[in-house]
Amino acid sequence: MKSYRKELWFNIPTRRAFVNITGQVAEALAESGVKEGLVLCNAMHITASVFINDDEGGLHHDYDQWLERLAPHEPVDRYRHNDTGEDNADAHLKRQVMGREVVVAVTGGKLDLGPWEQIFYGEFDGRRRKRALVKIIGE
Amino acid sequence: MKSYRKELWFNIPTRRAFVNITGQVAEALAESGVKEGLVLCNAMHITASVFINDDEGGLHHDYDQWLERLAPHEPVDRYRHNDTGEDNADAHLKRQVMGREVVVAVTGGKLDLGPWEQIFYGEFDGRRRKRALVKIIGE
Amino acid sequence: MKSYRKELWFNIPTRRAFVNITGQVAEALAESGVKEGLVLCNAMHITASVFINDDEGGLHHDYDQWLERLAPHEPVDRYRHNDTGEDNADAHLKRQVMGREVVVAVTGGKLDLGPWEQIFYGEFDGRRRKRALVKIIGE
């Protein structure tokens, strides 16, 4: 069994953003030499997500508006977590809706994705250096 | 290490539905010959889910009502994604709540599920041919 | 390829609670002898979650309030699932938001977690014996 590990680093200039990382995950897979197996890709931070959906700007706008409606950033004092001096409680909630991780099949040395599946890093509390983990196992 | 891949195809006649696929996933596992390992089962489309919950019709009704309240289908022009000519932005949102994939342990050649765990394909934008992927790795 | 399986049992005295199980998962990993691979940890019950987030009491309070707003326990007769004699339909909904499972990388024999990542069992319908599964594969 082969295994491979790589960190992807981000420093998003805004509080929230979605970044297409499909190419970077595919690159890690090529580096790993794994032909059949599984790729785990997860946010290593608890106010960020890795998820799979469509690379369409209108949809990303809709996600942002929707998440803000489900778990508004303000007023920050509505969240007890923010009594610790943080202002990011909403980011911890938004991340649960969007998820921490994806597991993607590897078949014939490629990411075995459907035609519109793209992998995203979802940032909900940016403006600092943060990372996602790619771990690949297989043969 | 063994690996096995199978696609499950659906053509749901309604916009939304939940289909119990536990038997089909168990069949793929039997075909794979894997005794110890992991099964990944994921929607290959971004307006559908694979998730695990109870096979109880009342609950599925509750899920449908609840998801419609969290991310209503109409008015379709409330979503910027639908400016592209689609009317399925709500389906992209609903799928994030229900999730893209499940990973299930394989123990002694069987799906290692709790007593009420059943695997479902969740369709949120049906009336077309769509698929889920089963990928199994192990020994 | 090695594989290892362990059940973690809970009997939460309240309806809802979050329990940090990172130590128990790390212990299972040490028992497995796996150095490179993947850990799957999932609730075996459909009204409970395993998820990763912050071990901060204020945040757990916020999660509880937020989930209760998204999927209120009462009135119990608002849910058709509860016509079966259950009163836990809300728990099935809350669990979908928080997720069933986490997959964690194993690197150098350790859980490959970010600095604040902690693994939790999330109970939404307690006061009975329930379990989570830890399945580890790798080398």
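Just a few scattered comments:
In order of appearance the chains are A, B and C, and numbering begins at 1 in each one.
As a convention for this text, a contact is a pair of C-beta atoms (placed from the backbone, for glycine too) under 8 Å apart; a residue touches a chain by one contact, two chains touch by 3 or more.
The shown structure was predicted, so the numbers you read here are calculated from the model rather than taken from an experiment.
Between chain A and chain C, two chains of identical sequence, the interface residue sets overlap only in part, with shared numbers making up under half of the total. Superposing the C-alpha atoms of chain A onto chain B requires a rotation of 120 degrees, rounded to the nearest 5. With centres taken as mean Cα positions, chain C sits 20 Å from chain A. Across the assembly, chain B contributes 1, 38, 70, 97, 99, 103, 137 as residues in contact with two or more other chains. Residue ranges of chain A in contact with chain C, taken from their complex: 1, 3, 5, 38, 40, 42-46, 70-71, 79-84, 89, 92-93, 95-97, 99-101, 103, 131, 133, 135, 137.
Here chain C touches chain A in the complex through residues 1, 36-38, 51-54, 56-59, 61-63, 66, 70, 97-99, 102-105, 107, 112-117, 137-139, going by the rule given at the top.
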